[in-house]
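In what follows, a single structure is set out as structure tokens and then discussed.
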Amino acid sequence: MGQTMMSDHNISDIGLHASGKDRVDWARNNMPILGAIKERLAVEQPFKGHKIGICLHVEAKSGVWIETLMAGGARIAITGSPGSTQDDTAAWLVKELDVEVFAWRSETFDEHMDNARRVLATEPTIIADNGGDLHFLLGDDDAYKGLRDSIIGATEETTTGANRLREELPAFDFPTIIINDTMAKRIVENRYGVGISVVDGIMRTTNIMLGGKTVVVVGYGYCGQGVAQRLRGLGAHVTVVDTEPLAQLEAHFEGFTTGLLKDALPGADIVITVTGRDSAIQKEHFELMKDGVVLCNAGQNSAEIDIESLREMAATQRTLRPDIEQLTLDSGRKFFLLAQGNLINLAGGDGNPIEVMDLGLALQTLSLECIALGAGTLSNGPQTVPHDIEQATLRAALQEWVK
Amino acid sequence: MGQTMMSDHNISDIGLHASGKDRVDWARNNMPILGAIKERLAVEQPFKGHKIGICLHVEAKSGVWIETLMAGGARIAITGSPGSTQDDTAAWLVKELDVEVFAWRSETFDEHMDNARRVLATEPTIIADNGGDLHFLLGDDDAYKGLRDSIIGATEETTTGANRLREELPAFDFPTIIINDTMAKRIVENRYGVGISVVDGIMRTTNIMLGGKTVVVVGYGYCGQGVAQRLRGLGAHVTVVDTEPLAQLEAHFEGFTTGLLKDALPGADIVITVTGRDSAIQKEHFELMKDGVVLCNAGQNSAEIDIESLREMAATQRTLRPDIEQLTLDSGRKFFLLAQGNLINLAGGDGNPIEVMDLGLALQTLSLECIALGAGTLSNGPQTVPHDIEQATLRAALQEWVK
Amino acid sequence: MGQTMMSDHNISDIGLHASGKDRVDWARNNMPILGAIKERLAVEQPFKGHKIGICLHVEAKSGVWIETLMAGGARIAITGSPGSTQDDTAAWLVKELDVEVFAWRSETFDEHMDNARRVLATEPTIIADNGGDLHFLLGDDDAYKGLRDSIIGATEETTTGANRLREELPAFDFPTIIINDTMAKRIVENRYGVGISVVDGIMRTTNIMLGGKTVVVVGYGYCGQGVAQRLRGLGAHVTVVDTEPLAQLEAHFEGFTTGLLKDALPGADIVITVTGRDSAIQKEHFELMKDGVVLCNAGQNSAEIDIESLREMAATQRTLRPDIEQLTLDSGRKFFLLAQGNLINLAGGDGNPIEVMDLGLALQTLSLECIALGAGTLSNGPQTVPHDIEQATLRAALQEWVK
Amino acid sequence: MGQTMMSDHNISDIGLHASGKDRVDWARNNMPILGAIKERLAVEQPFKGHKIGICLHVEAKSGVWIETLMAGGARIAITGSPGSTQDDTAAWLVKELDVEVFAWRSETFDEHMDNARRVLATEPTIIADNGGDLHFLLGDDDAYKGLRDSIIGATEETTTGANRLREELPAFDFPTIIINDTMAKRIVENRYGVGISVVDGIMRTTNIMLGGKTVVVVGYGYCGQGVAQRLRGLGAHVTVVDTEPLAQLEAHFEGFTTGLLKDALPGADIVITVTGRDSAIQKEHFELMKDGVVLCNAGQNSAEIDIESLREMAATQRTLRPDIEQLTLDSGRKFFLLAQGNLINLAGGDGNPIEVMDLGLALQTLSLECIALGAGTLSNGPQTVPHDIEQATLRAALQEWVK
């Protein structure tokens, strides 16, 4: 392990801070909503006296967010996720903002959980969680009983984390606001953000021509709508498959070819899953596909395509370009799997566009402010973002983006 | 009044039946969902022994629907709406199907209400209402007490009628299924049907070039989305105005110019209201518009544009083409009002495309069947279309349209 | 024949002038290019001393054009085409502008040619022809020898007329400027004007839902591009067929399905010809089409679909709506032919949008001015519009339309 | 200099060949036109006895092309361009195909010209040039007199090279076919290929949200049309600026905002030049732009934006991300320049999509075959691709892409 060790942080290399500054500066230029909120928070100091314990990707957009919270009086401790930490951004956070950062890119899952424990050890009064890891630790260990009592509230970024909170974890005696439960995120991030970042991810991974290609988009929820629209916007011939009759009719009148998966697959040059459920593409479907088909996933997780079955079918496997894996059957038929079935916009690109995160992190910030100022007025447990917070965020977005 | 008078109908001219047959034949060719339902109903006879009392536009698409209900064993009495009756279709219904029709094109509102009373006088056991007129009469007069008891259920086509039922009329001891309360209608009819019929209505009323025109669409609900999309699809430069922040952001990322109404109006060549509320365009707004602006409405009713104020402002008024009224201020500035502010797709065109009515009337048919077969299992009062009825209709639409 | 007969005009009914005024007033509101030209011509008087003999549809847009020419000092004699004359516009031209009009709606072809002779009898010094009829008469009869010598130049609106001039008619000792030979007309009128007026014509003729329909567009020249784009813009599923490899590839990358005609036809709900050649759809093609297919033509003339073969195949024929003809085979398979194969935008609608004619007639006006002022500097015979005239017209269009 | 030196090649590191094989394998999967041509050439051996001397980017797509030529009997010597050589592809060409390669990524311009001389030293009988460097050397030095006589013909890929041949270089006694002079390349590569690769390049360079952004596209030729269409397809608000009236009108009716550059710039979030001429954006224009504007170029060369003036205006300069340079005025106003004004699709991405190069290199291949088989039937000097070669390439593209 090559990372620097000090009392209040654990990162890879403090010397990388200058490069981190460049990254954060670019991101900040495209995050005007947080910028406007920061000015107000600097005056009002809603987080004064609070330590916020964060679990979120340690990268440039999060860096701008942390600045914003600190401008409002917060002290911050943060851990990231295995594989997504930008070590230079981490260095900048430590060096410039004196944030307690516990994260490095090559960390294992066990190291990540240790880092999460170190965040809790800083005794935060508010939690900003991602995927429920901090909540899990808090609920799992009696050692955190005192901390549980002193925490006044939390946020959770993801639907996955929300599901853990609602279905698996013990009840907590404080409110947890679920950021993903808003139409604001569904429309702005899922439909428009994901739609664009998926075409970006495919293009930079493959350098192939999307115009004129027959692409089967499996799933026509908000993400699927966005992916289908943006592919069409580049000249692709899009077929939409969805098992819900209304979704299929909507796609039909929108101008997309629609039909059953089994009828659509034989003509596909590219197949993209955006269904939100496991094994949307199964063994029987691979058998319908033509030689040279490109497979990728933009849905909830890598299980939307049953990759294990595909690997079992394959006689040989090769990696051709980063994130392009060629799987060849005995018959010579080839499949090209992108990013091992991981989300193509994250694995093959830079994730959602900066502005989309500006909105999402503004929702986070105002939700955290709501907790800092009025946690007592909220019921305990997981709950949706208060309507006025969502509206205020949307108005701020309009103010900055549309003018 | 030139209409024929007989014991069981009251129409304009029975001699027009051949032309009515042509109209209905064309409509039937484009209504395959009803066609498929008709085959099944002819076998199952769910309406056997029932008289259905209908209030709906007496025109060709309704003619195909009436055929369908009669194939299922129903007897029919119908009245229409002032101004929308096709006298030849009415003649065909009487001559060919022996329907009790009480409607003619030139009828006044009072005559219409008399005709509605004649429908009730035929002692229907099921009601299919449009705008709540039959329900209003039923609830208004003690003379209908016995009829109220013998009616087993009803449908209501419109939101306006639903609002009357929910807010103004007395409670009835039978279920009334509200057809408009379905996502199927909102997506298929409001977004895709209205979007297309509005551009149709504007083009045939004016013969102007929509490509390149700056059009301000006021309102971005389902109808507004459809209107904005279809105008863009013809090359118009569309600005969307909506007071809801999320609707405005959605339009912004969809690629439309957005902003405040007062900022959008000065550049508008055409202004279209689709807001669902009165006086979306008021006196202060007319003052912002440029010389020669075209005004039209595609929303709920003619009050979305405050036409009275406009007429008061105008020094002179002229009708240039059918449904184009020129209002000129003292200053010489001209406004062109289409269809007197009535819904441009109905007033200036043929209303929604035939296929869209095929879906809507299929929803009607299956809802009526639900009442005929199982009214007892439904609660009383206004209620949404049962989920399985909506799904069955959508699946039938897919079966016929997409294949 | 009910038309009025006077020494200097021959029209249907002078009493219709008020209605003609309304029509022309509406058109004028949407023809700002001619409006701007008119102001200049009123000062400069380029047509002073000239009589312009015109053959063009006698309808409202032409009325605005005639005003423009007269403002520039011209006297006018005009004949129209059988079937396209607006009798009220004709009355207004006679009553208000004292134009020598020889045209009525119900005139036969022979009457039309007589009317054209009456235009020539007024001894025009400049000719504005449409389809080459005036040129044909001038070249056909020695009686016009003196007139041929006194005419200083001409314009011809159409490609059909240009072909007659280049291939069939004798050479004339004056220049004839061919309006249709410009990129301005190809882009503005053929691609954007025709594209929009064709969807307008289909919608008002049929009231069917274009969204979701499978439409085969045969021909991907400028008109075909426009038709395909605008249909897609309304949500139709468009397949483009073109025998030129580059046109097919262009359509493919533009996002359209492409392929061979025989492969595309079986799936078509609607087939539209825009090829510019005869018999693009032949007997063998009808046999591939499905029951209920709608056929229409937007190309050069009604011969693009081999209607005679279709009529021979049909066992029965019926007219369902104006311009919808149902042809049924012995097998029961039905074809719906729109507007008897005539151009659907003209036969089923109002022709090209007013603004598009504003540009075309501005090109006409400046070409006529070019002849009036400098015929001597032009070579004799058919020729393209001078580059500076085309550029001046385009700049005027930008000035008025874009601002 | 770390490159290996052997008698017949000069590359960076032969050990990289395995990675080069992966790259070429992926490219080959997406180049079916060359694949089909290769099969035929392997039988017909048109290049038997010929050495082809090539100057072209030494990267994977070129690798597939070289395979194709060699299958047809050719021997190959190649040099690349400074900065674009993929060293692993070069290694694979040497190791696997025994090609005489003289190129490495870090070569200087002088080294490049030396490498070009080494290609000529292998005594090619046919030349395939890129930018005219090989022609320049041939014409510049009497030492090549004998070689000039033995060369039977050449191709030139670029317009820049074509211009050198037509305007600067001496006449040669053999034909040079100019690949770029075809509508096939203009439509497929310029409009559809460049349009897509530009949005790809911007997205991967910046990670910003193109949806909702106001983008000014300067120039509406084939490339500009493609860029504008694809940006709109992603939800951007596109303003098109072109000084040609017809181009502006076309953009207007296509649905784009248009206007003068000076009016469009103040609202721009992003400015993209695609004009094909120098200094389209000058000092006076920078002054009109707003704080934070992003500048990039997709036109012919880096001179379309007058970067020198911008640098002079700037008080400070910083590089924020690779290919994002921040230039700040004394006033604090910031400009973000992408890729130093170099073509954003090449500098920030992978250049044109693989399939687009498949078409372009197929044109190359058939043109070279035309020379090998029938140079004597062609006139000497620069000339367009023979019509039948272009048509054959287009038909092959349809065969492989559309089916």
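Letters A, B, C and D mark the chains as written, and numbering starts fresh at 1 in each.
The criterion applied here is as follows: a contact is a pair of C-beta atoms (placed from the backbone, for glycine too) under 8 Å apart; a residue touches a chain by one contact, two chains touch by 3 or more.
Predicted model, so just to flag it, every value in this text is computed and none were measured.
Peer 1: Does B-C or A-C have the larger number of C-beta pairs in contact?
Peer 2: B-C
Peer 1: Copies chain C, chain D: same or different interface, half of numbers shared as the threshold?
Peer 2: same
Peer 1: Counting in whole Å, what is the centre-to-centre distance of chain A and chain C, each centre being its mean C-alpha position?
Peer 2: The answer is 57 Å.
Peer 1: Averaging over Cα atoms per chain, report the distance between chain C and chain D in Å.
Peer 2: Roughly 44 Å separates the two chain centres.
Peer 1: Please tell me the distance, in whole Å, between the geometric centres of chain B and chain C computed from their C-alpha atoms.
Peer 2: 36
Peer 1: By the touch rule stated above, which residues of chain B touch at least two different other chains?
Peer 2: Where chain B meets two or more other chains at a single residue, that happens at 192, 211-212, 232, 235, 252-254, 401-402.
Peer 1: Within their complex, state which residues of chain A touch chain C.
Peer 2: Residue list for chain A touching chain C: 211-212, 232, 235-237, 252-255, 257.
Peer 1: Contact residues on chain A for chain D in the complex?
Peer 2: 22-23, 25-26, 29-30, 192-193, 195-196, 199-200, 203-204, 206-212, 230, 232-235, 292, 318-321, 324, 326, 334, 336, 349-351, 353-356, 401-402
Peer 1: Touching residues of chain C toward chain D in the complex: what are they?
Peer 2: 183-184, 187-188, 191-192, 245-246, 248-250, 252-254, 258-259, 391, 394-395, 397-398, 401-402
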